[in-house]
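One structure, as structure tokens, below. Some questions next.
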Amino acid sequence: MKTIGVVTTGGDAPGMNAAIRAVTRIANWKGLCVLGFERGYEGLITGTFRQMTPRNVGGIIQLGGTILHTARCPEFKTLEGQKKAAKNLHDHNVEGLVVIGGDGSFKGAYELSKICSTQMVGIPATIDNDVYGTDETIGFDTAVNTAVAEIDKIRDTAISHERVFIVEVMGRERGFLASTVGITVGAEIIIAPESKCNLDEIVSIIKQNWRKGKRAGIIVAAEGCGKVTEIAKTIEKNTSAEVRLTILGYVQRGGSPTARSRLLASLFAEKAVEILCESQGNRLVGLENGKITSIPLEESCRKSKPIDTSLLKVNEMLSI
Amino acid sequence: MKTIGVVTTGGDAPGMNAAIRAVTRIANWKGLCVLGFERGYEGLITGTFRQMTPRNVGGIIQLGGTILHTARCPEFKTLEGQKKAAKNLHDHNVEGLVVIGGDGSFKGAYELSKICSTQMVGIPATIDNDVYGTDETIGFDTAVNTAVAEIDKIRDTAISHERVFIVEVMGRERGFLASTVGITVGAEIIIAPESKCNLDEIVSIIKQNWRKGKRAGIIVAAEGCGKVTEIAKTIEKNTSAEVRLTILGYVQRGGSPTARSRLLASLFAEKAVEILCESQGNRLVGLENGKITSIPLEESCRKSKPIDTSLLKVNEMLSI
Amino acid sequence: MKTIGVVTTGGDAPGMNAAIRAVTRIANWKGLCVLGFERGYEGLITGTFRQMTPRNVGGIIQLGGTILHTARCPEFKTLEGQKKAAKNLHDHNVEGLVVIGGDGSFKGAYELSKICSTQMVGIPATIDNDVYGTDETIGFDTAVNTAVAEIDKIRDTAISHERVFIVEVMGRERGFLASTVGITVGAEIIIAPESKCNLDEIVSIIKQNWRKGKRAGIIVAAEGCGKVTEIAKTIEKNTSAEVRLTILGYVQRGGSPTARSRLLASLFAEKAVEILCESQGNRLVGLENGKITSIPLEESCRKSKPIDTSLLKVNEMLSI
Amino acid sequence: MKTIGVVTTGGDAPGMNAAIRAVTRIANWKGLCVLGFERGYEGLITGTFRQMTPRNVGGIIQLGGTILHTARCPEFKTLEGQKKAAKNLHDHNVEGLVVIGGDGSFKGAYELSKICSTQMVGIPATIDNDVYGTDETIGFDTAVNTAVAEIDKIRDTAISHERVFIVEVMGRERGFLASTVGITVGAEIIIAPESKCNLDEIVSIIKQNWRKGKRAGIIVAAEGCGKVTEIAKTIEKNTSAEVRLTILGYVQRGGSPTARSRLLASLFAEKAVEILCESQGNRLVGLENGKITSIPLEESCRKSKPIDTSLLKVNEMLSI
């Protein structure tokens, strides 16, 4: 293998730049030339790339976002688009491609792999942590800490005004972010899409807390639950609590990556380059049981990552 | 003067605790006894207070929120309620009262002063910075920095995805927060309630930026403008820009106070205790032209604080 | 089991409060009474404790330090001292004791267990991460992120002035902190006590970097290396680089715990209470291969935790 | 005026980039061409500069350090060196020069102005805040907040271990940083070079605090005091307190500028460009009594900025 490509696709996640840097430098160390495709799959289709060197990835390990940019690319979902991408990879002798992104990105890479001799290796980077084949994605730890820092601030107002705050965190249809954030901010209640959201039970907990003298409270809800306004109204109607609602929003996607997100990025990149150098086929890099591993890309696309609901149970004990 | 009271009212602001600590310790140093009334004016009406000592205000200078709590108190808006408060102050020999809060709080204190011999001194503490008689309120600098840190994160995503983000900051009907935040995050556009929001002009700026190669952008809007959704739609309809909307919300009200908010709190408190000791009458402490000053409480309630729109003009040059 | 004790000993670590909270609430949920001994082993010897309830551990999950205090206790190293502690535990019917601390703390607990029927369970909490039986200790992730944030700031000056900065991080005789911090700040060189520090090699790397145009640089050194001043002088003497030295110091021990430190604290606490309830004997809780586990306390005291030097090798590739 | 230069000199300070950006954009808006000289006065001597445009100063407002770099330049202290600089400015038709830096930088600019027709305007940027002619320098507010955040962390350990920490902050021979940091972290004692450091008094305060039950404590000392080790030993010898010493060091110089440092940078830049456009002569921009002003450069070099020691007196009351 002489030339590889690297691309960031899907929603940006903190640590993508650390991964770009690590892929570039490790590949370079091993004698490979690295091309950085811009704006996600759009860059593959249009053939827009820049040469990546150890120097032009200097000073980016600590930056959020992605210097290669990312974009949604409807054209890549068509066979037409994929063929253009395959041709560009072929024309520039790109024998391996490192795809840094999430769930949807890997589905795209897998489709592309069917019509293209370039070997695909996925590096999971998304704040949602919803990629099968890894216990943790790049950016997840950063997003969790960002949300925790925000809610630590909101708690000041919650306690001062003795109010209940419902805080909606990201995570799309999954509760990975909500459950980890919830337990680490000391939330009274965590609402994840994977567990039923029982309004009666929520009302009952708020009432109990009131009796215990806990007038302030934090409820962490995943955006996938989709009914925070209804929950707020139900609590206000049925209890003495004053309720406020906050949607954390896009701040969770940015910011300087935590040490852990940077470390994962570096170790995933090393593994990805190794897989390419050893021609192991289309694979997804991951962290499983504390070790850096990989599984077939196809397997990751086919399966859905299960959530560990035991956190929710532990939180019930922690929030008494 | 032997006994004074201290109370925090209205929305909480970072630095209120630093002010409580400073009032307590400086008054104590001068031989005064300090009573801390709880839950804002509600505590005056119900006579709920605790004795404040140098030791029980230790370790709070760095905490957001207010250890005395705060609450809305409709009853205090009635003469009935005010009379109860006046009676409680009289019964506990409270000769001076330090009111830490915002605009509405001082109007309340002024009303109370009409039927009560207790001398009132206001310390302006609100993230909105909309109190006449002071160039800066306790908490404003903290809220600005919190919003700036958030938007620095959002910029990562804005640049990575080449999107325009409209970020709504607090500030109620005024643009103090929006204009200072806007200029310090390097916003492309600032929308303050005090200046007309011209949709055509906004669209024209976004188009110009696009031509200059500036695809990403930040628009900072004050909540008082009230039409961020409309602005987002108009831009998307008339330009090539992808637009996202984020409402920063309650995080701006919490968090550890900045050095400046803590310093103002300490210096305002010293002035407030001095005013009480010298029986200067009902006054509001403030910062004017870099000096700690005071004006009659009545004057602050009567006048509206002008905004310096020159920041908006400077920002036009800075955002080219 | 009806009554258990909890104590924090050794150097403080961020997340100790989260662990105290979790032990208290989970034990309470399971019907146990919890006594919190103060000032580490000193509190066992003097019998100084407070009753821990779900309410008095509220609002502490986000605080650095330990509300139970900690202290060095030479007397506890004597049999005399241990006997006093054993008697106090017996007199207050403390059947199980949760010891939150580091290496030395567990050696103390193991000694105590020899003369005392109280069951000992250790929860590893130290920023040094040097406890056998766990891949990660409470506080380590926080200290790493604190050091990374500091060095991100120092890098600004390093680059602006084109200087080499040697930054000494904590970690006592071990390089866990230095190696994780080094790789995540993008250090040019990492100096860990476990690997030889070759001055010639360091000089050679700095010279190479200079030729590549990398005039600024960060060297992360563990305090256990003990010769940062000598390294600084050698570099200045043998290269064109200007060198500055910074010792990060105690800031690494404090601060609000990261989400990960809080999560570990909560899960370790749950395991510790479970071990006590099931009378599994004197054990140390840990994280191994991504799972919450435990080993005999005696084993942890007897063995030394190996360091994964592969991080240092990866960093060689990353710093080209 | 058609062409101006901009240069950053002396120690770096957070907000220098915001000032570079503002000078460039505002000058550009007014039709001027801007040259950015590199590595401080060294760039003037060697004639090393780059063309500054609104686009190449994009995305830097939030970055610490200076993209133009800075360096010590002994040659510029000689008439020889100054003549080379003057010739380069003349050869490139640089009619005005904005010098962003500290005390020493302005002395250099003033010397240069004597042999050079280029008009000099100084923008004060140093974390030390020791420039005559301005109440606040760019970077000061950031350094204060950085130090405060550090000491807030150290306090966790101070309280947990019930120790006294002496924290040495920067500030060279002046106590601006120490006094503002000291009052805003709630220091028990502040040691500034401008006030006598009475060891007996310090010992007496620590003893009193011990009797009051305040075992933990923070002493903030300016580096210019120069005897923190002696102070530590004296306290340990004469009181029951355990003492630890921490030198904050270079972290205070880096990091993302606070909103206030960014705002000052923007407003100072506007004033500087205005002075050049109006050919007002060699001047220093400043903030006085809350207003943006300017004084002759020569006056700033001749006079020494007085310190407001009233902060130290307020802190005596606040630390009871």
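Chains here go by letter, A, B, C and D, matching the order in which they are written, and residues are numbered from 1 within each.
Going forward, a residue touches a chain if its C-beta (ideal position, glycine included) is under 8 Å from a C-beta of that chain, and two chains touch if they have at least 3 such contacts.
Since we're looking at a predicted model, the values are computed, not measured.
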Which chain lies the greatest distance away from chain D when centres are computed from Cα atoms alone? A
Could you grab the centroid distance between chain B and chain C? Build each centroid from C-alpha atoms only and quote it in angstrom. 40
Please compute the C-alpha centroid of chain A, do the same for chain B, then give the distance between them in whole Å. 35
When the centre of a chain is set as the mean of its C-alpha atoms, what distance in Å lies between chain A and chain C? 28
Which chain A residues reach two or more other chains? 152, 155, 159
Using the touch rule from the top of the page, what pairs of chains touch, sorted by label? A-B, A-C, B-D, C-D
Given the complex with chain D, which residues does chain C contribute to the contact? 8, 11-12, 14, 16, 39, 63-66, 69-71, 146, 150, 152-157, 159-162, 165, 244, 246-251, 253-255
Hey, which residues of chain B end up touching chain D in the complex? 21-22, 25-26, 28-29, 54-55, 58-59, 61-62, 135, 141, 144-145, 148, 152, 155, 159, 180-181, 183-186, 212-214, 256, 258-260, 262-263, 266-267, 270, 287-291, 314, 317-320
